[in-house]
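Think of it as A, B, C and D in the order they're written, each chain with its own count starting at 1.
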Amino acid sequence: MSSEEIYKGVILDHARHPRNRGNLEDPDFEAKAYNPLCGDELVLHLRLKQDLIEDCRTLVRGCSICQASASMMSEELKGKSMENAAALSGIFKKVLHQKDSEDSETLENLRPLMNLRSHKSRIKCVSLAWNAFDECVEKFHETTEKTTTPS
Amino acid sequence: MSSEEIYKGVILDHARHPRNRGNLEDPDFEAKAYNPLCGDELVLHLRLKQDLIEDCRTLVRGCSICQASASMMSEELKGKSMENAAALSGIFKKVLHQKDSEDSETLENLRPLMNLRSHKSRIKCVSLAWNAFDECVEKFHETTEKTTTPS
Amino acid sequence: MLSEETVVLDQSVSNSSPDSRSPQLDLSQIRNRFPILSREIHGHPLAFLDNASTTQKPDSVIQAMVDFFQQSNSNVSRGVYTLAEEATENYEEARKTVAKLLNAVSEDEVIFTSGTTAAVNLVAQSWASQQLKAGDRILVTEMEHHSNLVPWQQLCKQLGIELDYWTIDREGCLDLEELNQLLSENTKLVAMTAISNVLGSINPVGEVVKRAHSIGAAVFVDAAQAVARMPIDVQKWDCDFLAFSGHKLYGPTGIGVLWVKQEQMQKMSPWQTGGGMISKVDRQESHWASGPAKFEAGTPPVAQAAGLTAAIDFILETGFDSITRHETELTQICLDKLQSETDVEIYGPTSMESRAGVVAFNLRGVHPHDVAQVLNESGIAVRAGHHCTQVLHSKLGLQASVRLSVGVYNTEEEILRLVTSLQHVRDLLK
Amino acid sequence: MLSEETVVLDQSVSNSSPDSRSPQLDLSQIRNRFPILSREIHGHPLAFLDNASTTQKPDSVIQAMVDFFQQSNSNVSRGVYTLAEEATENYEEARKTVAKLLNAVSEDEVIFTSGTTAAVNLVAQSWASQQLKAGDRILVTEMEHHSNLVPWQQLCKQLGIELDYWTIDREGCLDLEELNQLLSENTKLVAMTAISNVLGSINPVGEVVKRAHSIGAAVFVDAAQAVARMPIDVQKWDCDFLAFSGHKLYGPTGIGVLWVKQEQMQKMSPWQTGGGMISKVDRQESHWASGPAKFEAGTPPVAQAAGLTAAIDFILETGFDSITRHETELTQICLDKLQSETDVEIYGPTSMESRAGVVAFNLRGVHPHDVAQVLNESGIAVRAGHHCTQVLHSKLGLQASVRLSVGVYNTEEEILRLVTSLQHVRDLLK
């Protein structure tokens, strides 16, 4: 797809006006993601209410795709249970990496990003926020395991 | 040149009937040479009378070219002064490595070997005996230096 | 306990006798794909019988590299422009193709190197130098190529480790009974070739891995000779490391492969450092990339990756069934003919059981160099020397030997021509 | 004492302003030799401006490799048959050609590696790890590519050595006054690039060598960027080590060069071990070959050597006079144009004094990735990122930058197209 198509509509809007930007004062989970190819960095903060994502913030030093993807992710995460959000992340990444796979309905809101699949080098930009989220999921599982398993 | 040309006349004669084969009982100088590409080995013994090469023997584990070259060398060395022989070695090697150089008159007896110049891989076989001789020359210089330089 | 087990050789390895129903090669079609085969040497058609040293390249391999240079040439992983994306895709495609060839669990197990030798050095420095310590032992076979021997020898000196040798029997084969004696508690690594580059013996890798793993030793497989000669299944063998070179399987020089089982890769620290293998570089400290990239410092052999993909495609299209069948037939003919010459001494297994298309021999009384030189007169390319296996040659009591090794494009006529030309050698030199 | 010397920069290096009488390139003839340049990207002719990352290949380089594969392909140094002799000659011819390019004393100073990165690692392991000891110091510049930085960083950790940085000034240049302070008795090695792959600065190698040698330190020169941009004379520079990659001078990937001054090579022990670099292998002990072979374990990049020879021939035929003049002109135009854009920030020297054809910049408010992506729409290939120089980018307070770098085939039109297309970037993203 052409730059005109990438840099317009939803993506550009999110890149210019990132939603849920910033950090939380006392986040339940925090993760950093880093793209070694360009030095882009991203910090993700999550606040949970039980296992529901109550609030979510991202701080991005990166390109507009990375910005937009983080912004769009934050909207998707808010209000979802960790489990559902983790499932979404799995589907999203799978579809992102397989040029020819159908994007599922659950990805409705993220569809504009799917157009970047043909730009292999930008997939890393799209994934960065989700990598940070996956790290939070891991940490979340560790804590829940700790609290449910007698030690 | 073809194998027919290589493996006939002087070279084949020397390969089949190597002159000055064997070793000397109490050589003044001894050197070993080794070809790492094929494992060929050669031992050279020299007996000197002052600085004249009185006797010279070679023991060769190698191909017919290597045998022949050692045999031909031994005939050349005998009776020469170390200095003259060293000079001959220098000229021989130089001409051997330069495809287009004229072979000098001093190389008269070694001329049959010059035909191998076009077979780069065999140059190492031709040189092996002379490498051993060069080592003896070095040792010879070390001893003469020691005896002439006050220590 | 181990010695009481019945020895069942890994089927894919020992059972190399050709299935008589396996498809026959269309030899003239294959030969047409190798431009070099139309060359004449001293007025004779080239009979290239030095395939254990390096192989010739089919048109598709040459074309793949030309196409890359003419269409997509650029560096990988670092650019967002079209050529850079194509180059990256081309490079990662090669990784996937190698994973398919080896039946790897994932392409993330595939590290590109400059060749087999570099791959051995990498494992010695990135894995063994951390995992092994004084008092440990490494086991190698007597038939190893210097590239799968000297790095271990050096590591042993470096770490104070013992290097043990698994000796060969009279046929040039490894005895599994002996292995049981050799594997000690302290053995941490077995480094072995899948096929000898001199004897042609096919070694029982799968069985060795089973026994090595049972005492906690890892297994490094040198597949430089095997990769173009038989199907390799790293999951079936269950080995830990496996290496080969592009130029030995009809691909280009300048690229090789180190396959590493994922759990072992996790234990490896970087060997070469530099661009492309880092995640972050500070003034005094650096952090590493994950996955195979961690072991691929610097600009990788991008164009060569295109050639390697084409080479593997060529092999898989041709099919190992046909390749093995063809090479076995030629080798059998060669052995039959040479065995009937009374002044020819053959090394390695005399039957085609556990034997691949490499035949080392000597013509009694004539130095290998002279044999090879005269054969070249008839357009026949064979190798003379120790073939980078001095330990093996010492064991055989030899300085050197003549070696012929067949490839997918060789013909019966070429083998017969070699045998006939030996008479020429005798006439000249005996 | 040193600081009182008048600073006389090495003429061949600093004096890069083109001789106005140097011959003009026949650009259309040159461009015709690069098949890839006829490619179209998104409907625009390809403007390849990422030459600092890798260069495109002229027809003669591609043809040299094709010819090798179709005519002479075989392994080197080990066979007596015709193809093996040709392959060996081809390989040694490359060594001679490199020696000519660098004005080396002898081709025995030329070691082939897989690239610059491997060459740096080789010197770190074969020379520095033996010659340096705890308490010694290595000096690098802030502008080093990760490949000429991380290996030294790792060595410092390994040996307990200090790594010092020679900082850059505001123009991205190195101050020779500062060098005098930095060179201490304990400094044993200075590792520096001849031309920065980001700033384009040309460093005063000859002068650094003089000062380093006066306190007994050796100098390693990273010539990856310099080799295709200016004549190199290792005897004039008098450096100890110098490295470059084939793919940066219009040659293939998979091959690189490490030049080592003879007296230093004598001190080096092998790094990688294996076939080809030994003189004798016993069961527990090995002895090494002499000369460059000692550092070339395994089958070398034989086909790539043919390509490298052709690449060097291409450069020498074209002539550094014309190349430097052409690239300087383009860079000057580029700097002029970009400097007049108020939202463009340029890094590196602002004048063409001591500057080569690499220009890193940022368009304020737009991420480099996005700039490069949009430029690609117009067929323009530039790189975005940290260009393997994170220490430099930190120093500049940047995460990333856009970089354009010119080659022998680039045109003024391409530079102007880039500048015009920046407007397109603004329209879309600002």
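Keep in mind that, in the parts below, a residue touches a chain if its C-beta (ideal position, glycine included) is under 8 Å from a C-beta of that chain, and two chains touch if they have at least 3 such contacts.
Worth saying up front: this structure is predicted, and the values here are computed from it rather than measured.
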Centre distance in Å when chain B and chain C are each reduced to the mean of their C-alpha atoms: 39
For chain C paired with chain D, centre-to-centre distance based on mean C-alpha positions, whole Å: 33
Between chain B and chain D, centroid-to-centroid distance (C-alpha), Å: 45
Where chain D touches two or more other chains at once, by residue number: 42, 78-80, 84, 278, 280, 369, 373, 376, 384-385, 390
Touching two or more other chains - residues of chain A: 37, 119, 122
Arrangement of touching chains [line / ring / star / complete / other]: other
Chain-to-chain touches, reported pairwise for every pair that qualifies: A-C, A-D, B-C, B-D, C-D
Residues of chain C that touch chain A when the two form their complex: 77-80, 84-85, 88-89, 278-280, 289
Complex interface listing, chain D residues touching chain A: 42, 366-370, 373-374, 376-377, 384-386, 390, 393, 399-400, 428-429
Residue numbers on chain A that touch chain C, as the complex places them: 34, 36-37, 119-122
Touch list for chain B against partner chain C, complex: 2-4, 6-8, 12, 37-41, 61-66, 119, 122, 125
Of chain D, residues touching chain C in the complex: 35-36, 39, 41-42, 46, 48, 50, 53-54, 56-57, 61-62, 65-66, 69-71, 73-75, 78-84, 114-118, 120-121, 145-151, 153-154, 156, 163, 165, 245, 247, 252-255, 271-276, 278, 280-286, 297-304, 369, 372-373, 375-376, 380-385, 388, 390-391, 394
